[in-house]
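Look for chain A in each of the two complexes below; its partner is chain B in the first and chain C in the second.
Here is the complex of A and B:
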């Protein structure tokens, strides 16, 4: 465990507190990843800053064009949010596959993103939603497409002390799906996962975003497959074509959870099933 | 001020919370985990530590009415909140809770190590959804491992306690 944990009560207090803290420091949100990493000997910061109580990060709010989900909102709160159910079809479909009910009472989307694991169910779905991350460092705020936040396993584009305030999801009526292949039906880590959102009009794809989990060093935005699908009729041929294309876009590895070839093949199968469900 | 001196000032945290219905205020080591606080500082040994990584659910407690894994939560995160451990789960009049009774009558307890977590998780579900179906119960208990009973008896115990 770290030597100390500090608990600012709001963002202003956090920024004021930073200069007096040990240089070796990390943020603590839901704790489900960082405490596990600590117990496994993979996290050794001197100081953790508990941002789980910051009121600025705990809100879900709608503006004219987007839905904002604060980085500190618990996954189980998103599960109960009517606004999220309406505007985030892929995320809504992903939540039952996100760990277990008790871990969903603790974990946050901000932590899921900052941990930058390629298998993170929440952020894979959020990438498919076309979300932007809102970041803050003292007075400076910036907005980053979520897909650009991830640089590799456990590596993000976050600057030292930068906080993820939350995620902006465009409010557009669309359909979505999240399909996960794991070792069992629930509470497993995925071998491969596919998240899709699509706006379909008269059977033709107008906008689409395909994202994949556990088959690349980062939660993958399948840009080529997504672009190829636009303005195509969602026929059996189109679905088969997209399924072939996505297999060339992923770069899975063989590890304890699955093999690279199997994962690649399953990306095609999962995307096919997801697109079929959206075509119906 | 040297870094170690400034750290010394930050290593103690004045924690205010409610424990099983009673308000309490304690000075704790700020880096203490919730399960260390519960078992070590409060001396409430009903909560068990199994895997220490959120997989088994033996350490589950209620924080503001929601089931959480106390092995992955830090004690400072309890500040301003209400903790209920297995010791705080009681029936009306202070006797055994209906879940505790049905776990006994259905034979849902063998070695007993997972039982506090299972009862806490089931209690959270039945408070939120008193008419929970068998499918609801199965989904709610996905985060609780039992290596003795095979779950059938656990599921029937929770079904039997429903509505009581």
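Here is the complex of A and C:
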């Protein structure tokens, strides 16, 4: 556990507070990753900054072209959001696979992204949604395609003290799917996961985004597979072709959770099943 | 038999209310004035030579009190378990990553943990052993004795080689199983309180308070009568609180003795994973032979358990596995050889099933393979070969009438719709697409109690004390750890005394109130403590019944009539008197209303030289059918339903018995499919619930549970024992179902999707 935990009540207070805090500090959002890391002896910051009370991060709002989901919104709130259900088909499909109901009451998408785990279910789905991350550091804001936020396991493009404000998801009618191969029926870290969103017209793929979890150092945007699928009829052959292609695009590892060969093969199986579900 | 008032009824659990309201006081809930906290300093590497231990940096932590090492041990630095190779604290060498090498005491738990992390252990790494099979090879590095063997047993019967030569059908296979973590909700912990005059009182979360007593007295070098062990409400055990709580409590006691203040030592989950006992990984090569009619003629087994760095309970676990290694079958020719090997990993010990599930997975998987070779239905094949009353086990033990194996097999066969389902599978009905279903069977037997290898510990005491207000206090030496002992034993006491169930309270164990009653293991508590309670209660019962009779006569009941007693009331000739009034009268007459009871298990004749003779006093039996779904593309298997039937003798509390069965089935299924503790280079990789995956309620199959109650004459109200029975046969039933569903025979537990997928690729 850290020596101190501070809890600013808004962003302004956060920026004012920062200079006075110990250099060894981390943000605490839902706490579901940081507390687990702490229990495992893998977290040693002196100070935790609890940002779960920041009102700026706690909103879901729609603009003309996009849906904004605040980084501090609890996963269970997204689960209940009609706007999210309408505009985020892959994320909506992913949420039942996201940890457990009790953890979903605590966890946030911001934490899911900042933790930068390649197996983050929420983030993998958001990448498939074509989301952008909105970031802020003191007065300065910037906007980054979410897929570019991740540099490697536990490494992000976030600068020190930079906060994820939320995620912007383009409002376009489309279908989506999220399939996860976990270690048990639910509540487990995926061995492989596939998120897809697609705009299909007359059986032809107009726009598609495939993302994969747990099979690369980052939540992977499968750019080549996605590009290959565009303007193709979603036939059995196309689906088989895409699932072959995606197996070459991933770079899974063997660890205590699963094996590289198996994971690679499962990317094909999951993508095939996900695309089939969209074709139906 | 007289109609029973309480035994055989689903009475509410005695401890339900305190547990669901959170009022129960587990070890960490106990507070004492002046309490200090201890934390362990652990070996970071699989095998080290300890050069020095320094607390220079730790001393700077506010609240730091002291460092405790082996030098602070006033008694003998040998933890008394079976072989006594485990020091309380190592002097020169630590033998597994996670072993406690010293303890730190501080004012708060947090300060203690912080200081422990700052204690500097200087060490030299030594070569280590990880693989138990390699440990048994001739040229292997020696870490225990001449051959790295903690223990070894044989069972020899008939002429095995000849039987294999003559056999019409033979099968042979190698099978392995991984660790299982007990995952009790409450981690290990103890509080030690120094008493004036050099005594020590220890509050311990434990299954075996008398093991704690042995260890604390030994570590402190003080006589037993100065040590008192009080079992706290125990949040789960499953075997994991058999031996190791004694080590944890001894460490707390050493800290308390050195500081002269109460010391609390509560384990975090990670250190509990890394250093506390586990189910042994097992490896077995099994071969069976059968004649042309499908009669088993011979069985050959080589069975190896990975004991870890110290022997702890390995000899006893191995012995139980040895006795049951051939399965519950009539086999004339048997050659079983078993070994517990030393490795530089966490010491393994007791876990529900105690050395049986590992070898049962091997032999019951192989029985299916043999049935297939013979061309028989696996259930028919088992029915042809199983033990029935009057038959002899592989140790030559003749079974008495309390053997319902045949009935339970028929029950499961019928209730599961086995014959139709197997027929459908053979004719290819029902399976289309990527998901296929299948069904698998297994049978087991389980020797209740400690048996021949533990016979000197197989006794139990009880103290039954009826207060003036007619409330009944019962003390026993066996523990409640979630399984329902307090409830079942209260039912037995109430039944014997004809006391209202509500008036009986069985307490958590206090080692000063009852004599050493052995461990709470081996599904022995109902049998042993139940019988001890009956022995204690019987003379009191006689006084109460005599007094009740006198009172009823004086109330006008005709003396010629027979008195009956039921549900706390006494009846005669239309008159009634209740338990409370009778007890008051007993006290008025100055009757002795408190008695000690004692029960010692009958003698066993088993000989270690050839493994022949009576191994256990009585056996319980199980049969399981599991229905699974397998995804042919991913290899993911899901258990849809388990039909199980048990003969565990008379059921004392049906609702608790069903709960025991459900818990055992789920724990067995979880081990079979999911639980995978991983070691890499002598270090445990996943000592946490994020990556050590267990079944959740979402994975829970549907259950269909039946009891066939074959009475055991020696048992309390004819009961045998059941705690461990439901777990043992689950893994092979699931593996056989997977084979039936998709053709993949996976011979290692857990039956992970990756393994099934690999086997499917070969088909």
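Note that the second predicted complex is superposed on the first by the 280 of 280 C-alpha atoms of A that agree within 3 Å, B and C clash if a C-alpha of one lies under 4 Å from a C-alpha of the other, contacts with A are read in each partner's own complex, and residues count from 1 in each chain.
Here is the rule we go by: a contact is a pair of C-beta atoms (placed from the backbone, for glycine too) under 8 Å apart; a residue touches a chain by one contact, two chains touch by 3 or more.
Being a predicted model, the structure only gives us computed values, none of them experimental.
Once the two complexes are laid over each other on the shared chain, residue contacts for A:256 go to chain C alone; chain B is not touched.
By the document's definition of touching, of the two partners only chain B reaches A:4; chain C does not. Judged by the touch definition given at the top, the superposed model places A:41 against chain C, while chain B stays out of reach.
Touch criterion met: A:181 reaches chain C, while chain B stays clear of it.
In the superposition on chain A, contact is made by A:269 with chain C only, not with chain B. In the superposed model, A:189 lies in contact with chain C only, and not with chain B.
Contact with chain B, but none with chain C, is seen for A:101 once the two complexes are overlaid on the shared chain. After superposition on the shared chain, chain A has more residues touched by B, the comparison being chain B against chain C. In the overlay built on the shared chain, the residue A:231 is in contact with neither chain B nor chain C.
Taken together, the two structures place residues 1, 36, 39-40, 186-187 of chain A in contact with chain B in one case and with chain C in the other.
In the complex of the two chains, the chain C residues touching chain A come out as 110, 268-270, 633-636, 638, 673-674, 676, 678, 680, 685-686, 688, 690-691, 693-696, 698-699, 753-754, 757. Of all residues in chain B, only 3, 6-7, 10-11, 13, 30-33, 52-54, 57, 60, 63, 66-69, 71-74, 76-77, 79-80, 121, 139-140, 142-143 touch chain A in the complex they form.
Across the interface of their complex, chain C is touched by residues 1, 36, 39-41, 181, 183-189, 256-259, 262, 265-266, 269 of chain A. By the touch rule above, chain A contacts chain B in their complex via residues 1-7, 20-22, 28, 31-32, 35-36, 39-40, 46-48, 50, 52-53, 76, 96, 99-103, 105-106, 186-187.
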